[in-house]
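Same chain, two partners: chain A is paired with chain B first, then with chain C.
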Partner chain A sequence: MCNFGSIDNKARSAYADRDSPVKMTPFVGGENMLNRGFLIFSFCLLVVGCSSEDGSAVKIGFIGPLTGGVSANGIGGRNSVDLAIKLANADVTKQYKYQLVALDDECKPNIGIQVATKAAADSSILGAVAHYCSAVAVGTVDVFHKFAMPMIVWGAVLPKITYGNDYPEVHRVNGTMINQNDVAAKFMVDLGYKTWAIIHDTTDYGKGHDKYFTESLEKYGGIVLGRFGVTADQQDFNAELTKIKALEPDVIYFGGITPIGVRVRTQMDRLNIPAIFQGTSGIISDAYIEGAGTLAEGTLAFREGDSAERLPGGKMFLAEYDRNNYSSPPEAYGPFAFAAANLLIDAIESEGPDRKKITSYLNKVRNYNSVIGKITFDENGQNMVPLITRFVVQDGKWKIWEMSEYADNIRSLNRQNPK
Partner chain B sequence: MRNVILRVKERFVSISVIFVTAIFLTVFLLVEDELSFTVLMLVGGGLFYFVKRRDCFKEVIVFARQSRYGFLICIFLALLTVLIILRNEHFALFMIASVALYSTVCFGLTIQLGYAGLTNFAGAAFFGVGGYAIAVLSSENFPDILSVLTGGFMAALVGSVLILPILRTRGHYAALVTIAFALLFKTFLELNDTLGGPQGLKISSMNMFGWDFGKSFFGGSFYLNYVLFSLLVMVSIFTLTRLLEKSWIGLHWDALRIDEISSASFGINISSWKILAFTLGNFFIGLSGALYAKMLGHIAPTNFTFGDSLILISIVILGGIGNPWGVIPAAFLIIVLPEKLQFIQEYRLLLFALLVILVLLYRPDGLFKKALRSFYRGWGKV
Partner chain C sequence: MLLGSLDQYLINGLVLGVIYAMVAVGFTLFFGVLNVIKFSHGDVLMAGAFAALIAYISLQNFVSISIWMMVVITTTFAFAAMALFGAIVARFLVLPLRGAPPLNTLLITLMLGLAVREAVRLFYPNGSNPKPFPKLLPDTDIFIFGLEIRHDSLIIIFGGLAAICFLHLLIKKTRLGLSIQAVAQDSETARLMGINFQKIVLGTFALGSGLAALAGVLNGLYYNEINFSMGLLLGVVGFSSAVVGGLGSILGAIIGGFLFALLQTIGAIWFEVPAYKDVFAFVVIIAVMAWRPTGLLAETKSDRV
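Take a look at the complex of A and B:
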């Protein structure tokens, strides 16, 4: 029995007896006080709801995988965008104060669409630096278009994201897997390797890499001996690797991301496969080196854009990143996220807080200087990055090929057959 | 008229509890930042304690038992208020529609797990079958209302493949069969290029009898269309589930779940009742999967992993196995809470898991335990 005075036992027993009609005490007299308390509580609720608006700052969204298997990259990207915003806020010449809204897409399309809707439907968020995972980005571009929100992809590499639509809102600072694989295939053939075995995961990322790498390889005269699709959460690769061992390829090409890259590399060693391990942009992360340990030595991988270490702006980025004591590294795509955030901030500075104007500003970006080199968007919003950087692991670090001891022939990629 | 006023006065406490809860949930859907969220949780906790101390929840239950129509009208009005307040909030409406559709899925699972005792770990797979069916059909310009139904039928049809192994196995082994199917389904989609492969398929927005879901609804958000339709579907399927439970069909399922051998010896055909529960459950799951896919506008295999099936099962368990009433608040908790914890970013799933464990620690039978079947009013009273 709900009784706003004292709860007496008689009333309780009346409740327990369900067949007896419940007698209600009408609200009169002193009970009104408590009743009022009840209403005040609900008013508090409304006040909380209304007070959450903060009108002074301009908001920028970040979307990436902050939890799950590729969270290291997502957190690196998030920190980099955070850094760009901190630097902009410290700069007195900037007209606006910026605020970061970081959202987790879990690398899943449905969650991605959910958070993209959240960001895009919130009119106080002016633009977004969004997506590391291609499958998510393919799904969310429609949402950004529907709500007319300018967005810049910072990590997803599937060509379809920019080329599969004509949405003016969609831009991308990183290159696509087409350029990446073309350079990779030419480079490897020039080094003198002839035969490949391909392991790729069956996500769009892995399948795309398989497709574009094979196309380029055929162009340059390499031969693919075998092709193996694996699921993105597969643990054991003995079956595939045993077959590969029999094929005796010069190189194992791996199209996939860090967690299974580490597994393939370590299991290759267990089976004594002497082939060279060639990866894609998906394994360029410190997590790969930590996971594979000394076996990571000599692993090759390719990524679009110039390397941050070689550019003056890039050095500044890395130094500032260190200075801010983020708990995890920026990872491979941090500089791209940083560049995208700066681009968005510059657009807001120049055009004011208006989504449409920001979009048209972004579409006109040509030869914009950034930490990843010059950015020029084509009519699809795709950055036409001419440069692909080649990386090799040397002494537990991803080194730019030209700066490594492998390029100078001090070390050799060809490992001695352990047996 | 006077009569109505008198009645409202009589039930004033129950009505205010319902409306305050509705307003609390509305604000909950709207808050974004850390501070407001914490304050809201504290205020909510205080309110909860206040209401509980004074036994008001019991009174709401008494209200629901004694005047069912009054109670339903109350809920309806509260819901209407929420929707009017949120009419322009795209994201909040999107979340409400998601909760409604996930609840509908879990009514299907309730029939399977809660009534007939069949553990289905492939919920997300059947959800996906519905989604993919509608994706293919809408690219063929098939009428949308029929596509939604076909989504349900396809899920039931695909489910029939599993009937034989499920009938031949029991308990954990039957559960294993469904796990295998869930894993198989996702891999199949990733490798199948005609169904879009790993990138998935795009789906046009819903349009039936000239009602265009992509357009704004009476000046509100276009998501309002989806919310209304999903709620309609949810309420119909909820009613159907409850009617089934109360009927002799539910009685057969109860017997089957509690003891297969003795119910067989009483002449209950175990196989046919199991098939009915499994197929009907999958039909509901596929139906809401189709609607959900229409609302998202894009589906991909990674939406339908084994992990997502576990999320569906956890909604059923958290709500109290076999109690469709419990499913709705549980779905709200499981779907909206991780979303609301976005502000703590990478730690959100950690905190979310802790909260779920805490709930189950204090309510091991789920939020609302299934009550014993009452055959007539006052059943079980000495």
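Take a look at the complex of A and C:
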């Protein structure tokens, strides 16, 4: 299709360029030259515009927290989607050129709904890779459904996002907190720990972790001595931790995300609490290790999927990511965002720029090869990843448990307070 | 069970009280001399903590100095940086708006606080994540009256109290303090008496902002972690403390700060769910405000600041 309207626009912007002082050429006859140049330029546009009729850019949305306390994860996700799009655009076999529209949900439900509406209402955006924060995703799925926009969640783990509705548009490449907490509870009980105190943030995310971890823990015989809900921006945890110290639990389970995870871990040390610190996928980030410093050592956490380094496509992903010189790391969920973007690109390649067709393509995805392993969506659009990876912090890095010195009993978790 | 951890509650309450009081004193100073409410105060505290962290990181890379020297240098740097910042804000934002309705100053400082907060988040490397604050103080335990207390907590409490006492002496006993009092009571007459009004206002803002920086450093030393949004709640608490103590009165601000910390501590012990402690503290503050609308120590026209 040859879109004259758009060429007209480009021509107008070329005029605007000519008028701008930067482009003004002072020599005599410049005006003429510019005019001729402009004619040639617009002719080129005409030719290019018509010849690459199927190569016109199609837009893919990315939504995640680009500012705020968890922005490190959001930016990692955005860069990963950007990388997927760059690779697709460099691939000559692809029929379309892709363009990224990145929007910031600030990890706040109200902002999330605003930007999701903005993306979904724009018919030139064909699909979205959306949301790291569960509290946001749970609110925006209705928006995506209303506008019939296919979306793939890349980081939020609350089960309700896929299981709480029957929207065909909603998919998720990462696992839910149900599997994560089940594996976590069994693993910890098998290590011989018996009593827990739970700190969770009072968003849907934190409450979900509290609920599913408690359910699994009781199934395996662990005991919860006390649970404490905290706000997502709380600074001082002395009151909670003082009560926990008196309870003397073996483990403090933390259901929440990095910033308050750092605070709880740091303040545990001030109160001299010897318990093990066990987190969730929400704290698996480089930011946790940077923030907690040496105190991060021995922190346990669990995440669905395997680590990027161990997957066949993972090495390629990390190498390409490095090659593009992004200023911040992909963080834990970057590979998921990358896989989601690739899935969306493949859907567009196969079905063309049609939201309905893309949605039905996604619903039929079975055994799709990606950097996070095979993806198969169930009837709720949930990827049925069976694998949960266990992590422990060793020497300032998140190490896979089986590869750590803790698993080999070279180091012991029960050393948290050297005093 | 509760009594066993009473010492923890007590120490934490005292540290919080000192920090709140230091913030509240700043609010009271600004209100005293210029009748303005400077809402960016909490974010100045945060920026002070980050200034200290920057000083620490740059010193750590270049020279090996004793840990005590490090405390002194980083604290001084934070104090000086924020004092300068406070003076600049007073000169270019607050003073030009003197004739405008007070609401404008309030709004502009609110915006300034937001700008400072966002600037740290965007321009400090990885500023959106919490940063570890160096453990500069000894974390060994000592026993006082059978209570187990960490050395650093004690140093923080006494350091903060010393700063407040020093400020009090400065205002009551020195020529500069006398000038500040004079401007606070009646700026017109003070000017007629030959007091350089602008210099005194800038000096007061520098002093208050420097004190906030100190509070930020103490906060960092206590929690060993700082982040760009740490000033938000501290600003609100500091302001409430200043108001409940009687805006304009330094002693009132100190009392207000410790009262707020006391209420939070009582709330934390009392309720099974510690999260209610802030609700409890603020509700009591509202009740006190209803009972004494001008604060616990009502401002008297003749004795301000």
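Everything that follows uses one rule, which is that the second predicted complex is superposed on the first by the 360 of 419 C-alpha atoms of A that agree within 3 Å, B and C clash if a C-alpha of one lies under 4 Å from a C-alpha of the other, contacts with A are read in each partner's own complex, and residues count from 1 in each chain.
One rule holds for everything that comes next: contacts are C-beta pairs under 8 Å (C-beta built on N, C-alpha and C of every residue); 3 or more make two chains touch, one makes a residue touch a chain.
Predicted, not measured: the structure shown is a model, and the values here were computed from it.
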Partner chain in contact with A:A135 - chain B first, chain C second, else both or neither: first
Partner chain(s) touched by A:A102 [first = chain B, second = chain C, both, neither]: first
Touched partner set for A:K207, first chain B, second chain C, both or neither: first
A:S71 touches, of chain B and chain C: first, second, both or neither? both
Dominant toucher of chain A (residue count), chain B or chain C: B
Partner chain(s) touched by A:R263 [first = chain B, second = chain C, both, neither]: second
First (chain B), second (chain C), both or neither touched by A:A246: second
Partner chain(s) touched by A:N89 [first = chain B, second = chain C, both, neither]: neither
Touching partner for A:K118 - first (chain B), second (chain C), both, neither: first
First (chain B), second (chain C), both or neither touched by A:S360: neither
Touching both chain C and chain B, counted on chain A across the two superposed complexes: 67, 71, 202, 229, 231
Complex contacts: residues of chain C adjacent to chain A: 1-2, 4-5, 8-9, 12, 16, 121, 126, 128-132, 150, 222-225, 227, 229-230, 232-234, 264-265, 267-268, 273-275, 277
Residue numbers on chain A that touch chain C, as the complex places them: 67-72, 202, 228-231, 233-236, 238-240, 242-243, 245-246, 258-259, 262-263, 266-267, 269-271, 287, 290-293, 328
Complex contact set, residues of chain B against chain A: 9-14, 16, 20, 23-24, 26-27, 30-33, 35-36, 39-40, 43-44, 46-47, 50, 54-56, 58-59, 62, 65-66, 89-91, 94-95, 98, 187, 190-191, 197-200, 202, 221, 296-300, 302-303, 339, 342, 345-346, 348-349, 378, 381
Sites on chain A touched by chain B in the complex: 1-4, 7, 12, 15, 18-19, 22, 24, 26-27, 37-39, 41-42, 44-46, 48-49, 51-52, 54, 66-67, 71, 74-75, 78, 102-104, 107-110, 113-115, 117-118, 121-122, 134-135, 138-140, 142-143, 147, 158, 160, 202-205, 207, 229, 231
